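Please read through the structure below; I'll follow up with questions.
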Amino acid sequence: MTTTATESGTNQLKIGDKVFNSRLIVGTGKYPSFEMNKQALELSGAEMITVAVRRIELDKTKESILNYIDPEKYQLLPNTAGCFNVKEAVMTCQLAREAGLGNFVKVEVIGDEKTLFPDNEATLEACKLLVKDGFTVLPYCMDDVVLCKKLEDAGCAAVMPLAAPIGSGLGIRNPYNVKLILEAVKVPVIIDAGVGTASDAGRAMELGVDGLLMNTAIAQAKDPLKMAKAMRLAVESGRLAFEAGRIPKKLYATASSPLDGMIDV
Amino acid sequence: MTTTATESGTNQLKIGDKVFNSRLIVGTGKYPSFEMNKQALELSGAEMITVAVRRIELDKTKESILNYIDPEKYQLLPNTAGCFNVKEAVMTCQLAREAGLGNFVKVEVIGDEKTLFPDNEATLEACKLLVKDGFTVLPYCMDDVVLCKKLEDAGCAAVMPLAAPIGSGLGIRNPYNVKLILEAVKVPVIIDAGVGTASDAGRAMELGVDGLLMNTAIAQAKDPLKMAKAMRLAVESGRLAFEAGRIPKKLYATASSPLDGMIDV
Amino acid sequence: MTTTATESGTNQLKIGDKVFNSRLIVGTGKYPSFEMNKQALELSGAEMITVAVRRIELDKTKESILNYIDPEKYQLLPNTAGCFNVKEAVMTCQLAREAGLGNFVKVEVIGDEKTLFPDNEATLEACKLLVKDGFTVLPYCMDDVVLCKKLEDAGCAAVMPLAAPIGSGLGIRNPYNVKLILEAVKVPVIIDAGVGTASDAGRAMELGVDGLLMNTAIAQAKDPLKMAKAMRLAVESGRLAFEAGRIPKKLYATASSPLDGMIDV
Amino acid sequence: MTTTATESGTNQLKIGDKVFNSRLIVGTGKYPSFEMNKQALELSGAEMITVAVRRIELDKTKESILNYIDPEKYQLLPNTAGCFNVKEAVMTCQLAREAGLGNFVKVEVIGDEKTLFPDNEATLEACKLLVKDGFTVLPYCMDDVVLCKKLEDAGCAAVMPLAAPIGSGLGIRNPYNVKLILEAVKVPVIIDAGVGTASDAGRAMELGVDGLLMNTAIAQAKDPLKMAKAMRLAVESGRLAFEAGRIPKKLYATASSPLDGMIDV
């Protein structure tokens, strides 16, 4: 979905029947403490927060990240991190719903333990089952245009191609693929995984993506709170720059033919 | 000058005896109108603004950009755009001072009409003369570590290496050179020329530079006002990310040896 | 499959039960003439040549590219270009075998008419059927490590991830993915599609891939014969450089810690 | 000097009054042994070889690299490595000539001990003196278009901009600058320093440069002899590809407007 630059409410991200005033989605893993996680969440400006159902404490009478997130203020996005097949992913989503975490889900079916790359075939199958079961489904997937179209056809509310391996910090490795996905699907395109620093986030937004999901880049920065703020500004800046319409790239100012600036790596 | 991340007042840029609360310096050329230029200046958050002495109307009783800039609010930075030798550059600075534009000057001695690349030898000579004449000198120069050290030794208050040709929008073409200059000089390093979009600005700041000067990227964007705001946020974001300390780059999250993330292109 | 640098016969590529003295595989489309195609094939040094079964004339009594390729000298690799589902791909391979083109096949199941990206799910299914039917199967596929492992498990004789869209000339867009695939599979990894010029081929070989398949970069160059020769030399050069072991990347010669040179983009 | 693609003798490089059948110039430092240096020289196909006058033994009755280089077969190119000012550089060239090493000289005046970047101002001055003194002067210099024009005007027989710091292996950090230099000067443009592996050499040649000078990339490779051969092939391949005229870059094959392929990084 290439959001046109002329619409109002440019920082509004619509997924399913909900509207968010931030295009940034953040995670809840790898923080030094729940308290710092909570502060980083606030500084990031995010309104949606993803939690790994299999890793968090679902019993709120115990110490749990869930006690630090106000469900009135934030949309929870339970995810299926750690699931390696369709059945696990589906059951994990159902468990989350039963635990009161709602029906938005981030579906990931991991296909490779080392790189945490998705098993796209299994992801697609899980998404089909979850859509039928009434979930609002956001799949973590390869930056593969054919796959993203299938996920959209399966009823997913968004597609979330990875920019680079989870936790790698490599940034948008293949902006060309992102561009092609934006041309091909109508649902929101949210970059999930791979962002390393704020300019990576800005650059992704400048490509025209609808949103960004990140965790490690904030949680594992030397100063997570400063980085949370940096990311908030970078996402807003990137969206504005996308809408503003950048100058073309040229070899020099008076060169007659501009280099194509949109999709150069 | 690599500003340490721990100092307070992280958005403060000190040049000569002045302190600025923004690390962004903007220009006054190529805008659709003086009025829009003024608005873009405000939205950018910049506190220093550069004007081409040979191109503007110095007589304020006539229509001039100078009538749109409040000298109480902004530091003027007269520049020598259009000068092709030492004498022209020196005289242009003196003319600016006599016209009441102050003693901060951006020195550019152009060596190639097509690309607008500087004549570094002549720039150095002009800087020496202007420093002796009491100016606070900020030279536009090649991203050349040896040259930048000479300019610092000559008493320049900052060095302003180009990131790419003026108006090219190519971004930071050689971050390695920028890194080497930051290691070599103590005066502020301000990237001058070449920025194309907001993430370019963010990335420059993440390298650790002290500031950015830009004109075309804002003035010639399809929506200059939106881009001015985007640039403001990108500069703040990039500075915060630099101070926050990004995660290392790795091939995948659990890879034992991180790629070096700081200076990868 | 990362071929070790120490083995002899470094230009030998083994696929299934055959050994080739060139690591380059070339195509037969888009040439100005069959005669030029033949000459380019010779100059490229390739010993395997791919033909689009659905596009060529299979009846050798008519004018056909097949009359220009000596089957004693070259291994034919019929491909399923133009097939959009499993059934078409499987039948096209069977048709090729019946027409005497042998049992090596390049399987492509296209999932997107515009970009010609593969439908990886369908490709995997087609490969399973073709392996069972006795073919030596080389699939064109996404640069997806999980998929490549599945294709290997399915009995494919090699995997052929794309470097960039067919005919795009963009080069190796994501060397990181190529690196991860090389770490994950034991069958030969052959880059298929995306090469634009000779240094792209050299760079792919330097990553350690076992071979390269290309067509447009040669056929549509201004001078296809010169480019065929350039590609031959680039593939040999890249292989030698991979085996020779390059110097590490450093910010400068005496820098104490090298940048990681292997997988920098 | 952009050599046109149509001229015959495409591997011929003309400098001053001499013609070379190889576009590669190699060095004589950092090899495990003189014997290996000699073999690498032969495998590289180079016809010009540079020697550091201040570091080698000029007395041939002693063990010296000069005893391993046949002056009938190779053009010696004495260089001024280790010189930090004009006087040292000029005297070193004169010493070389008196020692019988001829009147071709590579002039380097180092301005920064750490990075070995040149002092361009001093380099230019030294070149002027050496041209007057009858030398055929090839200066190592910054990739600065204005400087290169001055060096040409001073009578240098070629310009040798660095691609990256000496011994860094970073490759062509700023192909845009190389492109601009090629447009601006008529003398041969030879990339000196920075090449890390064979595809870097290929890529430089594809930009249209007239030749390449390298040392560390071969001498310090794990297998210098294999790398010497790889470099030979890469230079030939790159030149052929430049002359062949590559396909344009596009987002996908049927995209209507090609990306500009020539100078994309």
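Each chain gets a letter, A, B, C and D, in the order it is written, and its residues are counted from 1.
Keep in mind that, in the parts below, contacts are C-beta pairs under 8 Å (C-beta built on N, C-alpha and C of every residue); 3 or more make two chains touch, one makes a residue touch a chain.
What you are looking at is a predicted structure, and each value in this text was computed from that prediction instead of being measured.
Engineer: Looking at B-C and C-D, which one has the bigger number of contacting C-beta pairs?
Structural biologist: Between C-D and B-C, contacts are more numerous in C-D.
Engineer: Measuring between mean CA coordinates, which chain is farthest from chain C?
Structural biologist: That would be chain B.
Engineer: Could the interface between the copies chain A and chain B be described as same, meaning over half of its residue numbers are common to both, or is it different?
Structural biologist: Result for this pair: same.
Engineer: On a C-alpha centroid basis, what's the spacing between chain B and chain D, in Å?
Structural biologist: 33
Engineer: Quick check: how many Å separate the C-alpha centres of chain C and chain D?
Structural biologist: 34
Engineer: Could you put a whole-Å number on the gap between the CA centroids of chain B and chain C?
Structural biologist: 47
Engineer: Give me the residue numbers in chain A that touch at least two other chains, ranges are fine.
Structural biologist: Chain A, residues with two or more chain partners: 114-115, 165, 168, 170, 176, 180, 251-252, 259, 265.
Engineer: Could you tell me which shape the graph of touching chains takes: line, ring, star, complete or other?
Structural biologist: complete
Engineer: If you look only at chain A, which of its residues touch chain D in the complex?
Structural biologist: Touch list, chain A to chain D: 176, 179-180, 251-252, 257, 259-260, 263-265.
Engineer: Quick one: which bits of chain A touch chain C in the complex? Just the residue numbers, please.
Structural biologist: Touch list, chain A to chain C: 111-112, 114-115, 117-121, 124, 142, 144-147, 149-150, 164-165, 168, 170, 173-174, 176-177, 180, 184, 265.
Engineer: Applying the document's contact rule, which stretches of chain A touch chain B when the two form their complex?
Structural biologist: Going by the criterion above, the answer is residues 114-116, 165-170, 196-199, 202-203, 206, 216-217, 220-224, 226-227, 229-234, 236-238, 240-241, 243-255, 259, 261.
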